[in-house]
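Shared between the two complexes below is chain A, which pairs with chain B and chain C, respectively.
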Partner chain A sequence: MRTAFLSCHLLGIIFLMSPNSCQPEYRDNSRIFVEGKIISQNPANLPMKLYAGTILITETTSSLDGSFKLGGPGTTGEKELSFNKKITSFSSNENGCKLSYDSLSIYLPVDKSYFNFAQISLKQ
Partner chain B sequence: MIKYIFFLFFMSESIFAQKQNNFSFELQGNTFTGIGNNFIAEGLGTFTGFGAAVSGTFYKNIGLSLDFHRGFSEVKDISVFGDLQKPALTSVEILGLYRYKVNNKFDLEGNIGVGSMYLKSRSIYRNEGFSENGTAFILGAKALYSITKNNSLYLVGAPRFYFLSTFTEIDNPKANRYYSTATLLNFTLGLRVYF
Partner chain C sequence: MKNLLLLFLLISTFVFSQKKKYKLDVVSNIEAKVIAMKPIGNNSLAKNLEPFYGFAFGGNLMTPINFGIGVDYSMLFSNVIFGKENIYGNIGSPKLTVIDLFLTHRENISDDFKVEEMAGFSYYSQSNLYLDQDKSKYKNSGMGFNLGGKILYILDPLGYQAVFIGGKVNFYYNNIYNENPEIQKYFGRSTFLSLNMGYRFNF
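Our next item is the complex of A and B:
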């Protein structure tokens, strides 16, 4: 009787400790790679970050001509390429890429692992 | 009785000593450095670690070696490797070997084999971390120098090439090659005991 009472609590704890399916997780043996070019008046040294939920996948700053390369571990869930300036327009090899509501980031579709942004225009 | 056992023991010792001992155990210190244009060479620093090997010759100078290596490194470039911490490399290998006796003190050995490699990185965002597995084709050479009179203890120095191919796949061929193949140069310094 007493053990049954304990195991009931244990099940609850196990349930609470089990990974939340809404949160992205790493996917072993998978990688994501994003490259592209920033078109703006000063395209050099602009920081950018790639997130999956709360996981920072990778980060970099653009080179002198505005080009950038970002690689990192693969994750489940939607990815977000974020800048510290507003994006006015972009062109991509994948149709599923969408601009966020605040225009500070681009959402990348779940099932793709390679993205090429021929140009990303940032507001000055 | 004890004397008799000792006598047998020394007898067997002397018999074995006349015949070249074939089986050996090796303890090593290791470095692994990525070379060329790939995610390990450009994203990670040099791995340093340890290793162990059991080897034996079965037919003339030809034999087999079972190796285990483990190395630890740091992320050198986040934009290449990602925001991960403390990557650790584990390698389990089986190699064919050919031993060539240069003189009484000095041996050379050639190694060719395959290995199963695991690259596991820690993460500050998730407990389980991130891992990549692959297979490696291994090519190497060893120099052995006897440091005892009865040739039972050797100093070992060895360079080795690991041609690693991981199971990672990316939609783009160029990015795929960059993140799924790597060449590693390994240096080993160790001690070998024959028994």
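Our next item is the complex of A and C:
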């Protein structure tokens, strides 16, 4: 009875000390690459960032015609391509991409590492 | 009696002249050098990074027939070109460690000058510090082969010390994965041209 009580505590401590697997981590020997084009009234110099959880994979601003290229180290977990303007619609080479609840970002599926957005329409 | 003496003399000359020492005449040397290296082609290392600079230590074992084996351990450093961070990613500057194993051949041009050519395999390990995670590194490893040549100038009459200048071509293939083969090729392959100069000690 007494040992069972002790092991119960030990299990709790072990659980607390175990690494939190929900947090995305970097992955060696892997590269993620996202490219595309923004369709908007003035598509130049729009900032965008590529996140995986708290990790910033890479960031850039769009060129004069609205095209952009983002590359960075691969990570585990879902990636997020975020803008500072609301997205009205987008088209992608991957079906798994979906719009976030606040439509400020696009979620990229975990198991893919190359994305090509033929067009991303942003609200003015 | 005179003939016998002559016979002894002849026999002794023949016998003792055959008694040659069969010692392995392998000579060895160690060297230190500085390196400037430029990746070429349409790839990430060539387009997103500045030229690499670094240093190396090496050694050779040379047989009397002027063939030998050698090893080089190089450490090279570079920086991301300003404006290319979006393609290279939010990671620190790269450090490239190269281990070259090669066969080498020496040609004696004169007493002072010697030329060496080499060819062999290379192992590459590239690491970048993460900016968003403390004390951990992004690691890529690669394999490839190398071709090179160097000109040596012997400094002292006994031939212990030498200085050299050389060039090398390294072919780099790493194991970066991406679904798009173009992108995988862009990040995964390169050709390095390098110049090196250094000091060698023979013993």
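Just so we're on the same page, the second predicted complex is superposed on the first by the 106 of 124 C-alpha atoms of A that agree within 3 Å, B and C clash if a C-alpha of one lies under 4 Å from a C-alpha of the other, contacts with A are read in each partner's own complex, and residues count from 1 in each chain.
Please note the rule applied: a residue touches a chain if its C-beta (ideal position, glycine included) is under 8 Å from a C-beta of that chain, and two chains touch if they have at least 3 such contacts.
All values derive from a computational prediction rather than experimental measurement.
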Chain B and chain C placed together on chain A: clash or fit? clash
For this session: Would you check which partner chain A:123 touches, where first means chain B only, second means chain C only, and both and neither mean what they say?
Result: neither
Is A:98 in contact with chain B, with chain C, with both, or with neither (first, second, both, neither)?
neither
With both complexes superposed on chain A, which partner does A:58 reach: first (chain B), second (chain C), both or neither?
both
After lining up the shared chain so the two structures overlap, which partner does A:33 touch, if you call chain B first and chain C second: first, second, both or neither? both
**Asked** Between chain B (first) and chain C (second), which, if any, makes contact with A:112: first, second, both or neither?
**Response** both
Does chain B (first) or chain C (second) touch A:71, or do both, or does neither? both
Chain A residues contacting chain B in one complex and chain C in the other 26, 28-33, 54-60, 69-74, 112-114
Contacts from chain C onto chain A in the complex sit at residues 44, 85-91, 128, 130-133, 136, 138-141, 174-180, 183-184, 187
As the complex stands, chain A meets chain B at residues 25-26, 28-33, 54-60, 69-74, 112-114, 116
So, in the complex, the side of chain A touching chain C is made of residues 26, 28-33, 54-60, 68-74, 112-114
Interface with chain A, chain B side, in the complex: residues 39, 43, 78-84, 121, 123, 125-126, 128-133, 166-172, 175, 178-179
